[in-house]
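Have a look at these structures, which come just after this line.
In the two complexes that follow, chain A is the common piece, with chain B as its partner first and chain C second.
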Partner chain A sequence: MKTLNIGRDFSLDPAGRFFSDEGDNGEKFRENFLKPAIQALKPDEKLHIILDDGVESYGSSFLSEGFAGMVKYGYISSQNLLEKIVIDYSDADFEFYKNKIITYIKNSKFKEEEYKPTRSKES
Partner chain B sequence: MGNKAPPLEADVCIINSSAPIDANVAEASSLPVADIVDALKQLTETLSSSLQPPNELTLLQASFAVFIVVIGASSAYFFNYLHWRMAEKKQKLSGACLALSTLTSGIESVAVNYWLREYNEKDKLETQAAEISIKTKIRLISTYTRLISSCLKNNIATSEMQKIENFQLEIFDLATGDGFESISKIPSKTKAMQISNLCLKIKATILSLDFGT
Partner chain C sequence: MKKLSKKQRLLDVKTAILHRHKEKEKDNKKNASSSNKRWVGRNDEIDVLINKGLSISLSKNRDLTINLPEEMNFSKKYDETILYIIAIRRLAATIANPYKAYRLKSVNFNRLKKISTSAALVLTAELSKWDDATRQRLRPMTDNWDADILKKFIDLGFFDLFKTPPNISSNNSPSTLPRSDLVRYIKGRCGEAKKTRELKDELIKIVGDPIDKWMFLRGGLDEAITNVSHHAYPDNGMISENNKNWYLTGSYNGSSKELKIVFYDQGIGIPKSLPASKIWERALEVLSLFPAGERKLDEVLLKAAVELDRTSTNKSDRGKGLQDMLEFIRQRREGYLSILSSRGLYKLSVSNGKELVKSEHFDDPISGTLIIWSATLQN
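This part shows the complex of A and B:
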């Protein structure tokens, strides 16, 4: 099982939706971290995502863009994505964010939109 | 010595205190010793039997009495414990509801103000402070919702609890969705109105919670 620790690997302050918003936004997380990590998984392997290691909270804009965007832009189906990720936390407050992520993934439509980067992926 | 005195009854064998002592002594000395001993024996038996309880306690009766005392004391302790547990729970619930209500007022004020304003580079710090405040308050709402939920478990207030849980989900999507934390945020009076309505409704629900249940 591979691990993606949002606080350590990505940012302690994940915020915003698009690259154009600057900072550590949802689009950056999806394109530069989540998508490569999911694509690098072996067939039966799972990605262990840790939500609360240093991160204080999330906004809906970040979570929906970062996670549900994977389905919306056709990278993976919602069912496959939910099968491949294991969302974990140690602080009980983060159960709420976990449930929201699952809801966003379930509610998003596969390939609903074509992805057009709002800025260079390297930014 | 031929006229033997009749046997004395216990209550008769009392020295006449009003008679001279010599007369009493003379009378007593005139009685045979055996009669006096019999009379004293009878008196002792009468007195001792009158001092004893009417029925002696059996072991079973004594055990039952002890059992009743233990049950009584245990019940008193148990009901006292239950009373304090309920009082403590009620106090915890009341505190959590008050905190949730205060948080709701706080998030309403900050989020309405945030969604009515356009993104402005000059107000960047103020905007960031509002974004932090909204996210922190939503996380705390989650904490207090969990606390209230644990206090109301197995109670009849489940519909109110459901409303509080739904509020948390809705306010999160409304206040931190769309262009939240984005420079392309579009101000929305409708969104501000929805946030305000949602907050006012949940405050009414919190007030309606019956702490006695």
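This part shows the complex of A and C:
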């Protein structure tokens, strides 16, 4: 199992939806971290995602763009994505965000939109 | 076709030049009249505010001093408090200043005895905008300020705004006053969510303990900042990049144990930004539940924007941010969240887990969006 620790690997302050929002936003997380990590998994391998290692919180904009965007832009189906990720946390209050991620992924429509970057991926 | 004579050619040139001059004169008259309209309109607006009770002193027929009232508070004295905020915003805006146009000379704090955390933040933000417009040439004169007010504004970091420091007399020296429980204001731009950590650290110092359910407040603040970059300041060239700011502070009253967090942006407001947003179609679905005559009211548009994610049948990944802002109060099962935007108020109060929503209409708008979280700490 591979691990993506959001606080250590990505940012202690993930917030915002698009590259154009500046900071460590959902689009940047999806394009530069989550998508490559999912694509690098072997068949039947899972991605262990740690939510709360130093991260204070998440806004809906970050979570929906970062996670549900994988389905919305047609990178993976919602069922496949949910099968490939294991969401973990040590602070019990983070269950709230785990549930949100799962709901957003489930409600997202596969390939609903064509992905157009709001800024270069190197941002 | 006939070849023009020299005489006819000269006549045509003269006519063309004359015509060109007339057009230019017409343009000049048009520009002068539109600039005229701007300052006359602004003077009229200020006169209306004066008739409503705005206290000013006028010198040289155009130099205005705004005399702040004894108390400024958006929840108890909204109608009076907002007059002063609007007047400062209107007068601070740079327009061509013909001889008769009102000019903001100073803002007099001498009468001010009480100010709420949110009014102090909004006043600071508006004076910061004015200072920017004058290329930071303002200088605070604090000699006759009330000592508590002076202390409050020192703690808020108000004087950090000015390049020229105030001359604080020894009678009002901050060292002789008790510590106030107000966090120095934080000014941020789009994408600067990590600045909210400063607020948390400062509040923990004041309260003395971690704040239960803070993570939900942080999520709400992150969304407030995202909303600033998506909606508050549209990219239509009307607002300069330097003015696309948000302001944040917090306070804790040790005797009542009330914690207050205040966030303010000076943008176009939620009701005005809603029709141009990607959630407008879903908002229309929610608005259809209201009587037709009420659908354009700011408080109704605001309520629709907040309750969109809960009430719309169309599940989209947009429009969830305002619901995030309610979560801190919901998770704590007590307190309130107020959102004041343009002429509307949306207030969610929670007591023992029971929720009550209130909407209100204001005659005079707040120029932006003000978000206030209030909770009583039990420690």
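We adopt the following convention: the second predicted complex is superposed on the first by the 123 of 123 C-alpha atoms of A that agree within 3 Å, B and C clash if a C-alpha of one lies under 4 Å from a C-alpha of the other, contacts with A are read in each partner's own complex, and residues count from 1 in each chain.
Rule of thumb we're sticking to: contacts are C-beta pairs under 8 Å (C-beta built on N, C-alpha and C of every residue); 3 or more make two chains touch, one makes a residue touch a chain.
Note that the structure is predicted; figures quoted are calculated from it, not measured.
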{"item": "Partner chain(s) touched by A:Arg17 [first = chain B, second = chain C, both, neither]", "value": "both"}
{"item": "Contacts of A:Ala92 with chain B and chain C, given as first, second, both or neither", "value": "first"}
{"item": "Of chain C and chain B, partner touching more chain A residues", "value": "C"}
{"item": "Which of chain B and chain C A:Glu45 touches, first, second, both or neither", "value": "neither"}
{"item": "Which of chain B and chain C A:Glu56 touches, first, second, both or neither", "value": "both"}
{"item": "Which of chain B and chain C A:Glu83 touches, first, second, both or neither", "value": "neither"}
{"item": "Which of chain B and chain C A:Ser108 touches, first, second, both or neither", "value": "second"}
{"item": "Contacts of A:Lys72 with chain B and chain C, given as first, second, both or neither", "value": "second"}
{"item": "Contacts of A:Ser64 with chain B and chain C, given as first, second, both or neither", "value": "both"}
{"item": "Footprint overlap on chain A, where chain B in one structure and chain C in the other make contact", "value": "15-17, 20-23, 25, 56-62, 64, 93, 96"}
{"item": "Chain C - residues contacting chain A, complex", "value": "189-194, 197, 200, 213-220, 222-223, 225-226, 229-230, 315, 317-318, 320-321, 323-324, 327, 331"}
{"item": "Chain A partner contacts - residues on chain B that touch it in the complex", "value": "131, 134-136, 138-139, 142-143, 146, 168-169, 172-173, 175-184"}
{"item": "Touching residues (chain side chain A, partner chain B) in the complex", "value": "15-18, 20-23, 25, 56-62, 64, 92-93, 96, 100"}
{"item": "In the complex with chain C, residue positions of chain A that touch it", "value": "12-13, 15-17, 20-23, 25, 56-62, 64-65, 68-69, 72, 91, 93-94, 96, 104, 107-108"}
